[in-house]
Structure formats: C-alpha cells, structure tokens
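Structures are listed in the sections that come next.
Next come two complexes built around chain A: one with chain B, the other with chain C.
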Partner chain A sequence: MNIKQTLTGFYLFVAVLMVAPITSLAAADLEVNTPAISTLKNSMQTRHGQLAGHYGSGAVGLTRDGLIAVRDANAVPLAQRQGVNSLVSAENSDRNALYKEIATANGHPEWEAEVRSTFAQRWVQKAQGGWWYQDASGGWKQK
Partner chain B sequence: MLKHAPHLLSGWFSGFTDADLHRQARLPARHWMMALLSLVLSLASPSLYAVSSITVHIGAISSPNFQASDLNLELPLDNGKAVTLKTRLQQADNSWAEASLHCPALDNPQLGVWRCRDAKLASPQANGNVSVALQLPVAQQPFKADLQLAAFSFSDSVGLHAADKLAADVSLQATPDATGWRWQAALDWREGELFWQPFYFATGGHSLHAAGHYNAQALQVDTAQLKLKAVGDADLSGIYNLSGKRIEQLALQTSALDLATLYPLLLKPLLDKTSLNDMEMAGTASLQFAMQAGELQDFRLDLQQADIADRKGKFALYKLQASIPWSYDAAQPIALDYAGGHLLDIPLGAARLRAELERYSLRTPQLVLPILDGALTLNEVSAAWVNQQWHWHLRADLAPISMTELSTALGWPRMEGQVAAAIPQVTYSDGKLVTSGAMQFKLFDGTVTVGNLAMQTPLGLTPRLNADVQFRNLDLGALTRTFAFGAIEGRMDGDVNALQLANWKPVQFDAMFKSSTGRYPRKISQRAVENISALGGAGAAAAVQRSVLRFFKEFNYARIGLTCRVRNGNCAMDGVDGNPALAPVNNTASGYVIVEGSGVPAITVLGYNHSVGWDELLARLQRITAGNSKPVIQ
Partner chain C sequence: MRISNITWAGLLLALTLQACVTINIYFPAAAAEKAADKIIDEVWQLKEGQPANTDPAAPAK
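Moving on to the complex of A and B:
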C-alpha cells in the first residue's frame, strides 16, 4: 500500500467520519473546527502514513474506546517496536485531546465520552479489511 | 523444595545402572510438579532395578499460564549420550506448536556436574544454542550454573519483550547457609538486540555482576555493578521483599553518564509522555539515590556541561551545570547555571539560579533570567510537588526589553519600542498558568497592555492562552510603515477582549480599533483606502478606483473604526459605531462606516461584508502587507 493511497484513504475516512449523521449526538457538531482541532487532525493525518502499515500487519489495532493499541508487535522488527509504541502513544494523546476539544468546541465538555464512543464506532466502520479492532468485550477481531 | 530436590536427583542418578524404565502419567492441572516429584521419589526407592536410560512420557501439563502436551524425555544415563526433550506447547491463539530441546552429548551426570555443549532449543517463544554446565549442590558443593547463549532469540506472545541473535554468558553460583543461599551472578551480554518495553538495546556490550543473599522472604543484593556500553557504570545494592513484592532498600550510584547515549537508551522511553520526549542531549549526568522502607531518602543529581534541546525547537538550555541534592530530612541548596538557551522563540541569556529544596517544596527569594537586553526577574518563588504535579506561585518583573531585538528574534516585522511588565502574582497549578496584573509594551509611540493572561500547557500539544489586550494611542504612521499597509497618519486605540488562542492561533476575541480621541493630523493614503476596502472583499476598492477620487493621493478623515468579533472561525465585522462585545445584528443589506471622511478632499469607506472567515481575512491581510508594494491605480 503506498503512502498516497493510505493518505487518500485517510482523508476519505475522516471526511466520511465528519459528515456522517450522528444519531446519538444530534446536537453535537463533530465537524466543528478550531485551531486546536485542526492542529490535532493535521498531526493525526501526518502520523496515519506511518501507522497504516501497522494496522495492515495487525501490529496495531483499534480499541473499543476510540484509541489504538499494540496488538502483536511480532510483525515489526525489534528495532522499530519502540517507534511503534511511541506512534501509538502519540496517536492516543492526539485522539484523547481531539475528543475533548470537539466536546469543548460544542460548548459541552461533558459530551467527551459520547464523542469518544461515536468516534470509536466510526473508526471501526471505516477501517480497511484486514485491520484488527476490539469488540464490545475487548477481544480482538479482524475486519 | 528447591533446596532438597537436587539431593534426591543426585541419589537417583548414581543408584541405577542397567535396566529400562518407561513411565506414563496423566497429570491433573496445576499439580504436575508434585506428580513429577513423586515419580522421582518412586524411582529413587531402593526396591527398583537399576536402569541405564529413562524415557518419561507425560500426557498433559496444565497451569493457568502454561499448557503442554505429549512431553517426551529420553535420558540415557551413560556419559556422552544425546538427550532430547520434546513437547507441544499451547500458543496465545490456542493453537499448538512443537517445542524441543536437544542436547547432542550430556557429560558426566554421575559427578554431579551436568555439562552439555551446543544444546538446541527450538520453540515459537525461544530458540537458539545453549551451552550449559550445571553443578548440583552435592556434599557441601555450591550450586553452579554456567550458561552460554548463542544465536538466541525469544519473544512473548505480543512481542513486547523480545530479543534476537543474543550472544551472552550467564553464570550463577549459590551456596547454602543457615538462612538461605549466598549467591553470585554475572551476565555478560556480548551481542544481539533486545526490546524490553519500553527500552530497546540495539547491541550488546553491557554487563552486570552482582552478589547477595536469597531466601523465601527476601532477595538481597549486596553489590551489583552494571556497565552500559557507551553510557557509563552504576553501582547498586538493595533488598527486595519477596513476600510483600516491594523494594525495601535500594541504593544507586552512577559514574558520569554520557547524556548523548543515556537519553535515547533510557531517558526518552521513560519520558515518552512528557514535554521532554523528543530531545537531543550532550554532556554528562551523575545520579545517586537511596531508598529506605520503600521511601526515597536522598538523591543527588549533577549535570556537567549539559546541552539539552527540544528537537521541535520549543526550548533549549546550553552549557547547563546543575547540582541538585535532595534529602527527605533536611533542606538542601540547589544550583543551576546555564550559558544560554531559548524558550519557544525567545532567547535566554546566561543565568545563575539558586534555590532551596525542602522535601517536596522549592523556595527562592529571586531568580533572574536574562532575556535579550532585559531580564525576567522572578521574586518570592515558591513551588510544591503535590499529587505528582508541580504547583507554584511567584511575582514577576520584566525589565525593559527592546522591541527591536524581540521582534527580530520572533521573526516579526522590525518594531521600535520596549516591553516591560510587573506582574504581582503568577500562579501555576494543574497545568494552568494564571496571572494578575498586566504586562505593558511601549510600542509605536503608544502602549499595549496585556491583562488577565492565563495559559494552559504552554509547552504541550495544544497550548491555550487567554488574555485581554488594550492598545492606546498607537502612531498609525509608524504602524502602517512597519506592516507595509499603505500610509495612514493619525492615532489609534484598540481593545481585544476575551482573546482565546489555541496552539497560538485565535479561537475567539472581541476586537475594536478606533481613532484615538484628541487633536492630531488625520490623513489616509489612496493605497490604505484600497487595502481597507479589500479587507471587506472586492467591490468597494473598485468603486474607489473608478471614481474621480483616484486623482488624489491622500484624503482627510474624521475617524476610522473597525470591529471584528471572532467565533467559530468567523469574523463578524462592523465599523466605527460597532460594538464587538454584542452579538452582531444580521443586517447585511446596509453598509457600515469604516472610514468617515472630513474636509477636502474627504473620503468615506463603507463596508458591506458583515461576516468573513477569519482565515480568509488573515489571507487577505497577508496578501495586502506582503504583495501590495505597488498599488494599481487605474
């Protein structure tokens, strides 16, 4: 999978994610944009090129709480595993900040948990075939 | 059990010579060790015939974390024969995989020393060559084990603890005493890479030599020398409470460690979630500390000629010398000097900082941080480490810094003037920095006052800033020349209230700029008129150009005013009579006055655009100040 494809995939992914109607949060605008949100999205977009291969190999999977986790690092050479860890932890701090920012930008910081769970479902729905995700009980499943 | 089992085993092996024995056992879950022991006991009973080789078959071994089946062991009792152990192990995904350990020649089992060169271990979790010399503690002999690993690899199921192509020597010697075992151990890691989350060692060359005492209650390390290649050495000692699973005592003393290699190897993985996770370091650090009863008693950190710089350029300190002693019982003086550095884009000059560290709080009457040609003085500094976070408060005075130097340092257009500040109270708590009092900038012959300044995680991923900014009596001549906007003569006041920046970009504010009151010349150039009109969109500028007014280079005006209320990336605009604190009236049909003319020749500029995207407005401003050096007048 080349970088262009994965990036295009990511843009589409995010675009669909942003405009898709959100039933559980009728009042929340997930499309809301603030400088903090666009910084976070840019940072996540840049990182996606590095993460896509790890989603594909199963090294990294999507968790049920809207984050990502190292699932099976054996697919990654030893020298790069620390890098995968850092990517995962940086991605997670961006994702946590994104959910918080979107809730705050909507004027309802208390919506963070709902924003998170909505995103968690969308990430999984829009994941490519072969990627791993956690089901409701926390077990890993392959899409 | 460990202490007595070897005696049984040695008795068993020396007692039999010449018969075959075949045993099968189906072992209940979690009791396989006991079963194996009873098998050994039955073999050891004197009523049995002597044997020359033993084949053990165990149908299944089961424990919560380990499942094996079809275990076969062929153990010839003659010297120098091959021994093979084969089994099937259950994997994390519940499949079964073959595992085997083959020793081509087992030497001297009768003498209490088992020796096997180049045994091959093969399993999904671990494989490689192992040479073993094992001396069992018979007849007051110490227990001794020497292992040589070659081309050895291992990995746990998720791959977070794994090694590849390891070559290492491991030795352990233990002598029983009245209360347990006195032990000595050595690890010489010659080659191979290791990932032990979160640490990664690309090559070997490291070693550990240790000695101490062991019994069921405690593992005691009397001395340990750790040598990390290219980093430095550390001496350790301590007591680990095995029943309570806690460190009772720990003491560590390092040599001068090379920060350039220490940081990527050990510090970066530990600081992954902090602001210090992407640094470059040089110089040396040495550390010593002591823990008693699980509590830190004292430590001492010394930095020599250290350079620390954030790779993203957020901050740096150079030629850092630090001496930071700490003790649980007594206050200690700390010293930190640096030759220079920067915080964000602001350069820092050489500083000598002194403070007193008392248990979990830090106090100092004064810290002087030279910045450009001025200095930030922090007075009555008091900080406390509570709930894993720093909380602090202080009084700050900024001795005047020349704006010429500051604007150059920040990459802004060159400005004349000065910035100075007196902030009676700065507090930092829970990642939030709040100030009372105001910072004053003397700029463009007027004043800029920043009040109610608050910041959140200034060095984090999404820094936030809140402030109210007042501009008074700015000289529009100097201002418009600095930003190449087109000349305007006159003076201006401004208020930017409820300013909120995220990641240093505006999220919201209520801005109002108006001509100052008082008597002064008021002239606006044709170019400035065009530019102001262009801020509101195309139409207005064209109207000016087409009119007869294009024959005049400049016009008189009575007042200029523009307001902009930014919410959700949108600027609601109004003119001289606008009030940005109020939500805009959506009255798009009528225009608003931006420049109100007066005298001859006079001009009045109307704005019709009541709402414009903030980014679009910024882009227009940038086009105007960057590309509009040659105004087109038709």
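Moving on to the complex of A and C:
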C-alpha cells in the first residue's frame, strides 16, 4: 500500500517534470528589453538616417560578421570621407556592444558569436535591393 | 518487481532533469532570429506606422 502510493506520487512528479521543458520551450524568447539595448537601438536608429544614403551608393556595405565597412570610398565626396569613417566606426562599436549585451542579458555571454552571426544573416536578409553585403567567403555582392 | 519500478522512475526522473538543463544550454536560434528581426525593424524603421504586435495569433496580455 505504502509503496504503491509512493510510486504513484513518483509518476505524477515525473509527469509534471516532463511537461515543464515543453512550457519553457514555448516561452523561449530572448530578452532584448534592457535599458542598455534600448539605448543602443536608439543610437543606431538615429545614425541610420546618415548611413542609409551610403548603403544605397555602395560606399558602405554589410560585412559577414554583422558589422559594416567602407566598401568604396570613391563613392563619397572627398569632403565627406572622414565623416563616413566616423559613422562606420561608431556604428560598429554600437553593434559589437549590442551583440554582447543581448548574450549577457540572457545569462549566456558565450552566445555572443551566435547572436552576431544571426544578426549578420538578418541584416542582409532585410537590406534593400542595391545595397552591398559580404558573402560567406568575404567577397562583396550587391543585393 | 516493485523495486525495479522505483528504479525506472528514478532513472526517468534523472533523464528528465537532464533534459531541462540541456534546453537552456543550447543557443535558441529561432528566438534569436525573431529578436534580431525585431531590433533590425526598429533600427532601420521598416514596417513604419505599424504597431510592434501585428500578429493576430498572439494572445493579448
């Protein structure tokens, strides 16, 4: 009798535990609503107004590691070149911080590289036609 | 017989607990893609004029 009750209890407990992973899978969203991430997003959104034209002209392209790079400096008037370099380096420091912050905010700093490669693919996927991006081997391609 | 049942239950318990831990260790690729899309939409201001939650299947909070 006692053993039977114990066993039933055991099985119920096990059954509950088997459901638990399913519910945690369903709730598996990444945390991206931290103050640090919002600050980075706002800063990148503001900067995008200045960068969009350079993506369109081919001066700046999306790299395979989730950053951006000056691809064709000749597409930028001489007077603006220094400005473009600063824009690119500011954008890259925000992007690096963003990938790191997403991994850290989710308790897995070691996910940074995977967050970065996910973003690298999605930036290209969402880029407008005519923009340039690096393929897997690092060569520039036009979307 | 009964003892062996308890042993099985224990084994199952151990495996289940392991599964719980494992799920949190693997990189959640689909969730990451979703998060990336959301952030990119905001940064590049895609889908302008639409609220963030346009999925009719999403349950209201």
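Convention: the second predicted complex is superposed on the first by the 112 of 143 C-alpha atoms of A that agree within 3 Å, B and C clash if a C-alpha of one lies under 4 Å from a C-alpha of the other, contacts with A are read in each partner's own complex, and residues count from 1 in each chain.
Everything below uses one rule, namely that a contact is a pair of C-beta atoms (placed from the backbone, for glycine too) under 8 Å apart; a residue touches a chain by one contact, two chains touch by 3 or more.
No experiment lies behind these values; they were computed from the predicted model shown.
Would you check which partner chain A:93 touches, where first means chain B only, second means chain C only, and both and neither mean what they say?
First partner only, chain B.
Mind working out whether A:123 is in touch with chain B, chain C, both or neither, as first, second, both or neither?
second
Applying the document's definition of touch, where does A:41 land relative to chain B and chain C: first, second, both, or neither?
A:41 contacts chain C only, not chain B.
Which partner does A:60 reach: the first (chain B), the second (chain C), both, or neither?
Touch partners of A:60: none, neither chain B nor chain C.
Check whether A:70 is in contact with chain B, with chain C, with both or with neither, and answer first, second, both or neither.
A:70 contacts chain B only, not chain C.
Just chain B (first), just chain C (second), both, or neither: which does A:115 touch?
In the superposition, A:115 contacts chain C only.
Once chain A of both complexes is superposed, is A:32 in touch with chain B (first), chain C (second), both, or neither?
So A:32 meets both chain B and chain C here.
Check chain A for residues that touch chain B in one structure and chain C in the other, and list them.
In chain A, positions 32 sit in both the chain B and chain C interfaces.
Can you list the residues on chain A that touch chain C in the complex?
3, 6-7, 10-11, 13-14, 17-18, 20-21, 24-25, 28-30, 32, 37, 41, 44-45, 48, 98, 102, 108, 111, 114-115, 118-119, 122-123, 126
In the complex, go through chain C and note every residue touching chain A.
2, 5-6, 9-10, 12-13, 16-17, 19-20, 23-24, 27-29, 31-46
Hey, which residues of chain A end up touching chain B in the complex?
Listed in rising order, the residues are 32-36, 39-40, 43, 70-76, 78-79, 81-82, 85-86, 89, 93-94, 97, 101, 105.
In the complex formed with chain A, which residues of chain B make contact?
155, 157-160, 162-164, 193-195, 197-200, 202, 269, 272-273, 277, 461-462, 464, 501-503, 505-507, 568-569
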